[in-house]
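Chains: A, B and C, in written order; residue numbering restarts at 1 for each.
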Amino acid sequence: MKRTTRWTALLLAGAMTLSLAACGGGDEGGDSQASTTFRELYASEATTLNYLVTSQATEFELCANFVDTLIQYDEFGVAHGGLATDWTTSEDGLTWTFTLREGVKWYRSDGSEYADLTAQDFVTGLQYVCDPANDSKTFDIVSSVVKNAQEYYSGAVTDPNEIGVRAVDDMTVEYTLNAPTPYFLSMLSYVCFMPVNADFLAEVGDRFGTSADTLLYNGAYICQEFNPQENQLWVKNPNYWNADNVYIERIERTYNSEANKLAPDMYKQGSVDQAKIPAELLEAWLEDDTTKDMVRPTRSSYYTYWWLFNFDPKMDEAFEPDNWKIAVNNEAFRLSIAHGIDRQKAEYPYEPYNTEANLIRTITPEGFVDYNGVDYTQMGDLAAISNTDPFNEELALQYKEQAVEELTAAGATFPIKILMPYNPATPYWGESCQIIEQQLESLLGTDYIDITVEAGPSTNFLAEVRKSGEYSLMLCNWGPDYADPETYSDPWSLGYTYSWPELTTQSDLLTGYIYTEEDMAAGVFDEEKFIGTPETVYIKMVQEGKDEKLDIEKRYTAFANAEAFLINHAIVIPFHRQADNGYVVSDLSVFDRPFSPFGVSSYRYEGAHLLDTPISMDEYYAQYDQWEADRQAALEAAAAES
Amino acid sequence: MLKYILKRLAFAVVALFIITAVIFSLMRLMPIEGYFPNFDKMTPEMIQNGLENLGLTDPLPVQLFRFYRDLFHGDLGTSWIYQPNVPVTEILARKIPVSLTLGCMAMVLSLVVGIPLGVVMSRYKGRLPDKLGTGFIVLLNAVPVVVYYLVIQMVGSRSLALPMLYSRSDPTSWILPILCLSLANIAEYAMWMRRYMVDQLNSDYVKLAMAKGVSRRDIMYHHVLRNAFVPIIQLLPTSFLNTIIGSIYVESLFSVPGMGGLLVDVIKRQDNAMVQALVLIFASVGILGLLLGDFFMTLADPRIKLGQERGGR
Amino acid sequence: MPQIGKRKLDKLATSLEEDLAKKAKGLTQAEIDALDPQLFTLADYDAAAAERTGYSNYSYWRSTLRIFWRNKVARLLIILLGLMLLFTFIQPFLPDQKDPTEIFYNEETGMPLSNKQPGEVEGFILGTNNLGQDLWSRTWYATRTSLFIGFVVALSECIIGITVGVLWGYVRRLDQFLTSAYNIVDNVPRTIILILISYILRPSMSTIILSMCLVGWLKMARYVRNQVVIIRDRDYNLASRCLGSSTPRIVYRNLLPYLVSIIMLRAALAVPTAITDEVFLTYIGLGLPVYTPSLGTLIIAGKALMTTPSLSYQLIIPCVALSFVTVCFYVIGNAFADAADPKNHVS
């Protein structure tokens, strides 16, 4: 008897838990399926909403929609006023003055009004970024241009008001720069120049941006719910100054760490409006008649990837670093590899459907900047490179013959061992390396080269492999920080741990000049170890571009020539850029959203529409061509105006 | 008895102290690159500043001392990277109940199904129900969980039209994750129950009872089941507490915002504050589970005395 | 008689005398006198005589194998597993086998021959994966890799686990220390050790094996220790010791048969456990590099395609291989453990 009661009690308890749980629910499921709700699954969660600290795309996706910037980019990448309506530059190019838009206010997450947006908010924001205690990850962008930012960070200046930003009056904010910077305007669309309300910051303290209600909003959307690893709900901010241009009322995002695997199926069931189609699934979707017109590519990112030859090999003895040193300093050897890699095959794991779409021939991708409608990649010596396919088996074999002769004379032993590491945490990288290994070895012969593909550690990969020089040939990358080709020159500058081209023994890559202590005093570099390092031709060529601040055409041409030098001498082999999201099936429109290669504008949903049927591959490319043409016109119009 | 329990608790504290110290030191071996998602673009000065703000530039003993001091004050610190500036306790307070609710329901389900299954199997030992049950257990043990969880999710959501993802407010969406969570345990409980029952059925007292003509039913329910249940009771507290830890596969598959996978996630992101807190919790769960298990066992079987021979568990 | 101390002998003698004294009350003097005084003198130890009484033609291993062989399912599975193991190792030497990492290209397009269904292209029995690699040779290579990992881990588990377990159980002085150490180590989450090692070292076969070996032996040691503690003080061991059997003899004849059962079960289960652990490590992104196919890498790669029915063969094939191996080891291990248990030898 006793036993029976115990079991009954247990069952009852179980039943009660279930029913209680059932009572608690019911407020969410299935309501508001209005046509202007966009639902998606996302796999990586924003760790914070604090836009002044983060440097991660995952978080930009949110911040960009919640907080507006001084300037905005339209769908063609033309800068327009955002929170600022008007701006002027001083004669010397050092002072920029912005007039703020009237009537912009801060709102809390429940939509209630908090305060007016004032010029002081921009000052508070920048001071926050420059405060070392806040550990802002985008500080480097600020310190490179804004006066006294670096000095304040390192403690040389203690008064935050000395930093080069000032509220002239409530509606006027003024920036003072280190040096004339033609691209300063483009930097303002980045998170570190976003405003923040000082009172609110004081109110929430350390908790700023840790939840939806510890953030203030002045952008197109307000985050109503932010439940990490669970879901997010953004609703349109009806008081946003450009609310008429916001067509999607609600954005419902649900977290799932396996989103890539589940979302395609959920799209078919109609429970999400967008799903990434991973490369592995693409073929199956394109072969199926019911789905083949639903898949489309996404826009290419401006992060570019290229293979680098290591001029300071420090890998294990087993990979014969000394022998590699002889080989890498032989231009014919490098060129035989550069022309020998079948880049389309190497691209296959990333992009099996269209192996050509994302390949690049230059370090700076097409469409990044232009001068009066002429794309940067068509300027100077870059034009020739952009217009020829580097993959050329005959040329590769010719260079191989030359290299064999020269290297034998130089005392190298064959086959040359090539260590090609990859990061196992990066999708498709390992597969791509395997393809290159087999393709290059069969083209150039295993008696010439012996490639070893090796998995590096998945954490600390950069420090353990690239920065410590434990590779022969490796895929590396760089992304732009502002709208100027100078931003792509960093990896080959002094102090960057990429491939150390300054350590080459090949004399025509060097100018013959050796750095002295005076150069350090003059600020050419800031580490003592570079005294006595030879100057590379590339750095000298880049310097010409950097020195040209006013004539943009000359400036761009100088950078283009320098970049062409790197590629022609096979110091770098450009590979590809990555599509932001690969292929997707999506109800979202593409070409009416803001566009810009840098900053956070392109994360905005402003201007986007929800479509009845997803765009197909053909439609996408048709729309892309149309957009290109429209963009050309828009850029020319903008150039004519200014 | 009380003295014995106190002794074990004291040992538990020492053990936790050692475990956290070891993990704390091990985490300090992790590369600094891991603390900064944009390591590549940071200047050396920014890196140095970041390390200082995380307190990583101090000598290890100082860091360890600070950790224990805060811990003593009941402060587990704030998360570093997982959700910067949010107190660890706040994150855990949001996640533990989710895993606990699902886990407990799954446990109830597995007990309700697993124990009777084991009893039935032992009752019909060597006959069809036993063979079917064994087949089921073997299958569950042998097929990788990654695979059959996916099958359950696909079949459940396509054929039964159950929600594919977990939602706090919709209990029907809990069915599939609970099913996934309980399957392995059903197999385990059934297997152990069958084994203990068979052991008991073969024992002399049962043979005696049968010889005396006690009905099979009475033997089963009054003697065998009771005795066979003792070892299971010992397992229960650990299984119960383990539900806090959650399952990485199930929770990531169904979007359950619980503890499963949290440890892996925070180790990968090198959020030391979170790792330490989790290790502390998980280790306490393990130690406490054993202690409670032993304790319950003495309640269930007065013949067992704690503190003498700490033999098999 | 080195095994029995002087004091014990004295004790035995006194207790005998006492017993006799008690009994004496019921006996007449005549009866007492009639008893053979020879019965009350101490017998010398005689190894042959000690065994003589209990003679039977019982052989432990023969009985174990006999009982095991009687299990039809296990018999079938061990034959199948044997065949599979054999084939796994001879497969690369058969004619027309492809390199598991070689990428095959479509001659017309010049692009990899990817995602071909089993039998769709001649020469590819199980089709190809998304890179145009041959799934047939990959599956066998993967099975080989996973079995290798499984066997090495199981072996190390046995060696370390048994050594530590026996010491822990048999040497009383170590018990306190090892028990405390065990309780500490066992409560460090297993995952954390697996992950930390995989992080500190680079992904490779040896890293994976090392990390699994470091955590695997604990359970084995505990099982062995518990078994040793239980059997150590059993009456028959005491008796055997009283009769003067040496320690190695007791361990070998009396302890080992009991341990074999538990060791075989643990060892047999260690193989599938190691294989599934490898799947887990791959799942959290710490698996083997791409150039070493294993069942884990194949399954996780296949899992990504699961939602597309036409590609699910890439998941099903390695899963079948994995499930077959684990089912075999599981069933065989259990059957052997049953058969190795001396209790089941009576009948």
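As a convention for this text, contacts are C-beta pairs under 8 Å (C-beta built on N, C-alpha and C of every residue); 3 or more make two chains touch, one makes a residue touch a chain.
Just so we're clear, the structure is a prediction, and the values are computed from it rather than from any experiment.
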Name the chain pair with more contacting C-beta pairs, choosing from A-B and B-C. A-B
Farthest chain from chain B by C-alpha centroid distance is chain A
Which chain is most central here if centres come from C-alpha coordinates alone? B
Using mean C-alpha positions as chain centres, tell me how far chain A is from chain C in Å, no decimals. 51
Report the inter-chain centroid distance for chain A and chain B in whole angstrom, where each centroid is the mean of the CA atoms. 40
Distance between chain centroids, defined by C-alpha means - chain B, chain C (Å): 24
Per-residue multi-chain contacts in chain A, two or more chains: 262, 265, 459-460
Residues of chain B touching 2+ other chains? 30, 154, 268
Among the residues of chain C, pick out those that touch two or more other chains and give their numbers. 199, 285, 303, 306-307
Chain A-facing residues of chain C, complex: 101-103, 105, 110-112, 114-115, 130-131, 199, 201-204, 285-287, 289-291, 301, 303-308, 310-311
Which residues of chain B touch chain A once you look at their complex with the stated criterion? 30-34, 36-43, 45-46, 49-50, 53, 78, 81-86, 91, 95, 101, 104-105, 108, 112, 154, 157, 164-165, 167-171, 174, 252-253, 255, 257, 261, 268, 270
Of chain A, residues touching chain C in the complex: 260-262, 264-265, 278-281, 283-285, 287, 344-345, 348-349, 352, 355, 424-425, 430-431, 433-435, 438, 453-460
Touch list for chain A against partner chain B, complex: 10-11, 14, 17-18, 21-22, 24-29, 47-48, 50, 53, 55-56, 132-133, 135, 137, 139-140, 143, 153-154, 206-208, 210-211, 227-230, 254-258, 262, 265-266, 269, 271, 459-464, 481
Chain C partner, complex, touching residues on chain B are 11, 15, 18-19, 22-23, 26, 29-30, 138-139, 141-147, 150, 154, 245, 248-249, 263-264, 267-268, 275, 278-279, 282-283, 286-287, 290, 309-313
